[in-house]
Amino acid sequence: GCGQAPTTEKPGSDGGDKPAASDFQTCIVSDMGGFDDKSFNQLSFEGAEKAADEIGVKLKDAQSNAETEYAPNVTNMVDEGCNAIVTVGFALSAATVDAANANPDTDFILIDDAGGDAKPDNLKPLLYNTAEAAFLAGYLSAGYSQTGKVGTFGGMEFPTVTIFMDGFKQGVDYFNQENGESVAVVGWDGKTGSFTGGFEANQDAKTVATNIIDQGVDVLFPVGGPIYQSGLQAIKDSGKDIALIGADADLFNTDPTTADFVLTSVMKEMDVSTYEAVMAAANGEFSGDPYIGTLENEGVGIAPLHNFESKVDADLMAQVDQIKQDIIDGKITVKSYLD
Amino acid sequence: MSVQTLQAEPRTIAVVSWKTPIILGVITVAVALLPLLAPRVGDSTFRFAAGSEILAVPDLTFPGTPAAWIGVLIGAAITVVAALRIASHRRVPLWLIALYAVALIFGFLSWAAAGSTGTLPMISLLSGALALATPLIFGALGGVIGERAGVVNIAIEAQLLAGAFCAAIVASITGTPWAGLIAAMVAGLLVALVLGVFAITYHVDQVIVGVVLNVLVIGITSFLFRQVLAPNQATLNTVEPFKRISIPVLSEIPVLGPILFRQTVIVYLMYVIVFVVWYGMYRTRWGLRMRAVGEHPQAADTVGINVLRTRYMNVLIAGAIAGMGGAFYTLVSVPRFNSEMTAGAGFIALAAVIFGKWDPIKATLAALLFGFATNLQSVLSVIGSPVPSQFMLMLPYIVTIFAVAGVVGRSRPPAADGQPYIKS
Amino acid sequence: MTAQTPAPVTPRTHDVPEPSRWREAWMRVASGNALVSLLAVVAAVIVGSILIALTDRDVQAAAGYFFQRPGDTFSAVGSAVGGAYAALFRGSIYNFNANSFAIGIRPLTETLKFATPLIAAGLGVGLAFRAGLFNIGGQGQMLMAAAAAGYVATAWDLPFPLHMVAALVAGVIAGAIWGGIAGILKARTGAHEVIVTIMLNHIAFYLLAWMLATQGVLQAPGSNNPKTAPMAGSAVLPQILGPMYKLHLGFLFALIAVAITWWLLERSSLGFRFRAVGENPAAARTAGISVGRMYFLVMVIAGALVGLAGISQALGTEPNGFGGGIDAGIGFDAITVALLGRSRPVGILFAGLLFGAFKTGGFTMQASQGIPIEIVLVVQSLIVLFIAAPPLVRAMFGIPQPGRPSRRQRRAAKRRTDTTEGQEVSA
Amino acid sequence: MKLELRGITKRFGALTANDHIDLVVEPGEIHSLLGENGAGKSTLMNVLYGLYQADEGQILIDDVVQHFDGPGDAMNAGIGMVHQHFMLVPVFTVAENVMLGHETTSFGGRLDLAAARRQVTEISDRFGFDVNPDAVVEDLPVGVQQRVEIIKALSRHARILVFDEPTAVLTPQETDELMATMRRLKEQGTAIVFITHKLREVREVADRITVIRLGKVVGEAEPTASNTELASLMVGRAVELTVQKGAPAYSGNALVVEGLTVTDAAGAVLVDDVSFEVRGGEVLAVAGVQGNGQTELTEALMGLQEKVRGSVRLNGQELVGRSVRHILDAGVGFVPEDRGVDGLVKEFSIAENLMLDRSGGAPFVKAGALQLGLLDEFAREKITEFDIRTQGPSQPAGRLSGGNQQKVVLARELSRDLSLFVAAQPTRGVDVGSIEFIHKRIIETRDAGVPVVLISTELDEVAALADRILVMYRGRIVGIVPGDTPREQLGLMMAGAVSEGAQA
């Protein structure tokens, strides 16, 4: 109860003499994961928020709890006078395309989907070929593994999820091929695999992780928002020395409790690309051309090893770097649904 | 007039119900179709060791498809035996059905695991089932107690969720999961109190109150999660979870030890509570009065039992127990709260209450069956199953429907379940 | 024998002191349902306000120096709460910021759009309730209906009204089948419908997930996303107020469903039997009504009604294609709607409209005020609770309880007995 | 102990159920309360037992004013009650029921069942009851259940005992035994209040009689008063206690039952190889103690039992294996034993209840739609014809008094063209005035040439209506005897005694 009252008026109430950019209202709509998913909603939010701060407006956000809420949330943002609206997730594609068609003066930034064949010009898709980055993580894991088994599992069988698992598997296979080894991937065989059936971090997800750990893996790669928490918990419970790989963000930074476990993270730099897209819009440089994050443009990548620096062979890291270059140069092709 | 009295005792005619052999037959045929239509090559390995026992049981390896056929044949043989017993007007003993279940599960697993590089970890299959079942068991016990006292508890989901929520906050603030556990009980109890006020005092339809409480608690926890918890993740929503404790000696028992006695304290508490509730319900004054007010509240009233107070007390106890189940989510499974993280478990627990015929032990078994089916699909998908993941994920729900429709059938709730007691 | 002659039958109503006319009028209003319902809404809104105020950042900031400038706190509370409910109104009824009436009224049409599936599914749940069954299976029934309608609408090629009708029929049948499974299991094996419908929800969810992930079933051709292709234009429910408003034909179907369900329950022989089974299955059976068949039929019809909700979602609200979450939790919301509407079709209509308004307004509240939409769940559920417990509401607002003597009368009565007792004891 | 009630008044809303009632019961006295349905007897006793709070008046025990907040207080004051509807938990054992509410427990709240068993055995030995403490109550015959109620009261050392209609469901033998028990209790100084509708019993056992009508004490009577005197005092008008009935005039219709056997789900035989015939124009009464298969017999006739063997032919048409609907359509009218459970949908209006068994077709359903106008008209007609005391056809049936509820069921069943009429306990709990009316209607039905099967545990009723009497014991026919067989012989037969020449 007895803090110090502010002596100045609240910022923002002093109105009209700011530069024009400050009127550029930025907004964002999440999918059902919510903005605190430690994953792509959260990253996009951070990117948009950074842009909004820089522009000098308060970011408006709406969280969707159901499929039918996407369209109203997007429409409401238009009604709230938003100039740029970021919509997160392939699920919002239809709603976003609709709204973009209906509101040609508003800029839309759609994450994780191309927006279909008849994409309007005021819609910019941001896509990420995470398979490339996951390939590196797969190679790294295979080289790191002592037991000859690495594991992965997903939330639900969505392409944005399986693209990670696919790349990961290809990376492991490439390692086997190059080094004449036979490291196995548990939880994904390229077609089917282990899924928790949802994106809740709960006992169901933890049990899946435990079952994978039980097969003797020493690297675990959970793909799908918060379910890495279940993976981490399962690792801790097993008492074994198992490394965790993060998806989307660098877990080492977003969730410090993972610091001792996270080997690396397969990053989708959504914060950066969202920020850039919004800033471009604010500066009147918006273009509807799709952005595809790759290793080359650093839209995807793997995180530094942090605490695992000492545990990973320098030689192996050198190979990973070389592979990264080979992928960029097109010497190695990584298959994904985006092809 | 000569008088003679009809002395004979009433007769009994054995009833012939072919339901059991028919269902056994149907399941046998269904499982037999798998190796028949989709034969798989390779061995299946069953692992019975957790990895750290002193006396480890060695792995067992069978050729997959033949082993599957052996399971099916044993199942078929038991089906025939069951049919013969029924034909000669004898009962099919429970152990025979249990044996049948084991044989067919063995057959199914052998088929599914054939040729896989992985092994079937029997220990983690069962201990995972136990973990999955734990919150359901707490929830189901809460349901059983409430309904035995005559108050339908649809609000199990709400109690679990509130428990998980409060456990996370309090454990984060205090830094000890024990405080979180107590907070979870209090949270469950508070939800139960609202249920009590509306259902017992104000005679509102208990189904209405339960359904609405679920919505209310989902709303409040999600609202507070986003407004309060998410911005203060580090201070309010980061839990130091309960650690696993291996009980000396007991945890070294082959197979069972690692399953039952390398668990967290909440699971041990569950063992105790299941026993206490069962014992209390049938052997103590508390249980006698609880069942009396649930079966015939007026009869209880006429012998001087305060029906309303008894119902309140039991509803509150039920809420506290269900709340404890909620704590499992945030103090054991994952060390933080996420909105709607119970994901419908309360409804599964409700199903376990009915499935278990309002009996604490049977409801526990029902929850365990559900946990087992869930983990079975998970293990199979990990070792590589030919079935699409979505169909695997359906397994526990299909198993439950079969069990309820085929084995359990009609279940009779306590006579006064759901009826408010109104005195003049 | 010391018998008296039998006394003539006399009315045994005891006399109550004649109340004043003013009092009488007040009592009539106070004992009426309308006032209590209104107050229930008010009470729920107040609780919602408290939550909003307590968690509002500006309010928290101002409360930090409450003792220096309490006015800041109050004005912050006022603007937080006022802003929230203004947005709720603006988003659900009429947008007073709009330039024209045509745009201003759009929120109301959105409300009707969101009410559509709530009404249809509410009818399905309510109908089953009337026959004594608790249909928690709305989610599964909606999903299966949406899947079937979506399949017909994407895979078939037919001209306009025919295609729409075909998709509609397919969806209704799918919903009916999914409901009917629970009904027939209940009738044949006694399996409790609560268990079966819960399990069928999950099964439907994964079944749809598989369909959406499988080319040639429901997944949009050439896509990898678990989503259908857009519905064919010839199968989409047309927008009934023109392209400006998203309100679609589904709303009319929902109104028709209300009328049909009302007729079915109140005026038809089948509905009579449903109700008889719901109130007293033993007596119904003795009177020659096949209880099992009624369970089956009512679940079929309930499933069909809930299916209508799924269809309205798939063909009307999301014609651009849908995913696995097309039910949007309406299967569960429908239970609350049915309960609030007391399982009466007209009641369900109004409850559905109210909840539709809350839902629609919630989006605006979230978008413009940053208040999580979950607050709407809180307010909605409190409304149902309070409406179900009139004595509680009366107690909260200090209104006299009907059928119970007012405090003054009670005091008078107590005085009377006290004095008689006193006399007796002294005697 | 001496009991005194002074000026007890109890109101339910606008209805005054007890109106300044005074009553004194001395120790060692059996005091009988008489009154028609709804007179307020049970209400008065519920006030005495602390279940209801009196609006006015006082309860005195040994001249000390008492305050009962609940039955617990009343029991502690030495009052015990055997309720009209037994207050036993059906799924509990006898011992559990007896101990409920005053359990002795050992360590940790563990129930001391051994002590409870001992207590049951001790009291049952003292009064010559044959009660197994471990039997589950719902499996026991009603007579035994009633003894359990008495044991319950005595185990709490009751010195004032209230019996509310204890004999409604007992055999004559059981009734005699109960009378003997009451006398023994009285000798030990217990004060007893005894409520019954059966005047004979009153005269046999009561020391004093108080008559209540419309909530007021209307008089006192000596046990020497005649039935007619007592009846008119109760009802407030002269009542014909005997039914006028001529010799049967047989018609062509006939019900032929052969080798009928009914088992329950577990295979226990409830009706054991029963064969009989009823001709049109005669009443066959099935007598027996409740629970000897009569209920199941009627349900088997109606197609309500699942496991039935044998044959039931009505005018040559086989009914076994047919649906209830089919049997109703074949012209069978049925008054179920438990009207509240099987006969009426209490939440439904009177009109709706009147069409309950014709919900599928004509005359009240046309093209799937209810014909509400027609139904309303019909209901008004029946309300007048059967003298149903109600505010109108739309009143919920559950709001009617027991006797009037029974009339609704009768009105429904007797308004179709019948080829068989099966009535189970048509007058249970119904007062003298309504009995008179119901009996008259049953005889009218018989005289119209319909075969009538009447199930009754009430020997007076059997004697009044039956042309022939079939006595059942443990699911079997003990004998079929003429309608004028003496009640002593019937009583013996109901206890399973086979007499010679029993086939009439």
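Think of it as A, B, C and D in the order they're written, each chain with its own count starting at 1.
One rule holds for everything that comes next: a residue touches a chain if its C-beta (ideal position, glycine included) is under 8 Å from a C-beta of that chain, and two chains touch if they have at least 3 such contacts.
Bear in mind that the values here come from a model prediction, so they are computed numbers and not experimental data.
Undergrad: Relative to chain D, which chain has the most distant C-alpha mean position?
TA: A
Undergrad: Based only on mean CA positions, could you tell me how far chain B sits from chain C in angstrom?
TA: Chain centroid spacing, chain B to chain C, equals 30 Å.
Undergrad: I'd like the Å distance between the centres of chain A and chain C, where a centre is the mean of that chain's Cα atoms.
TA: The separation of the two C-alpha centroids amounts to 38 Å.
Undergrad: How far is the middle of chain A from the middle of chain D, if each middle is the mean of its Cα atoms, in Å?
TA: 75
Undergrad: Counting only Cα atoms for the centres, state how far chain B is from chain D in Å.
TA: Computed from C-alpha means, the inter-chain centre distance equals 44 Å.
Undergrad: At least two other chains touched by the same residue of chain A: list those residues.
TA: Correct list: 63, 157, 197.
Undergrad: Quick check on chain C: which residues sit in contact with 2+ other chains?
TA: 206, 209, 213, 372, 374 - these are the residues of chain C that touch more than one other chain.
Undergrad: Which pairs of chains touch each other?
TA: Per the contact definition above, the touching pairs are A-B, A-C, B-C, B-D, C-D.
Undergrad: Under the definition above, what is the set of chain D residues touching chain C in their complex?
TA: 6-7, 11, 13-16, 19, 55-56, 58, 65, 211, 213-216, 218-222, 225, 229, 232-233, 235-237, 302, 304, 323-325, 327-329, 334, 336, 341-348, 352, 355-357, 359-361, 365, 368-370, 372
Undergrad: Can you list the chain C residues touching chain A in their complex?
TA: 63-69, 72, 91, 95, 110, 114, 206, 209, 213, 224-227, 230, 246, 313, 317-318, 320-326, 328-329, 360, 363-364, 366-368, 370, 372-374
Undergrad: Which stretch or stretches of chain C touch chain B in the complex?
TA: Residues 51, 55, 134, 136, 185, 188-192, 194-196, 198-200, 202-203, 206-207, 209-210, 213, 332-333, 335-336, 339, 372, 374-378, 380-382, 384-385, 388-389, 391-392.
Undergrad: What residues on chain C touch chain D, complex-wise?
TA: 1-4, 6-7, 9-10, 12-14, 267-270, 272-273, 275-276, 279-280, 282-290, 403, 413, 416-417, 420-421, 424-425
Undergrad: Which of the residues in chain A end up touching chain B in this complex?
TA: Touching chain B from chain A are residues 34-36, 63, 151, 153, 157, 184, 186-187, 189, 192-195, 197-198, 200-208, 210-212, 214-215, 226, 229-230, 233, 237, 257.
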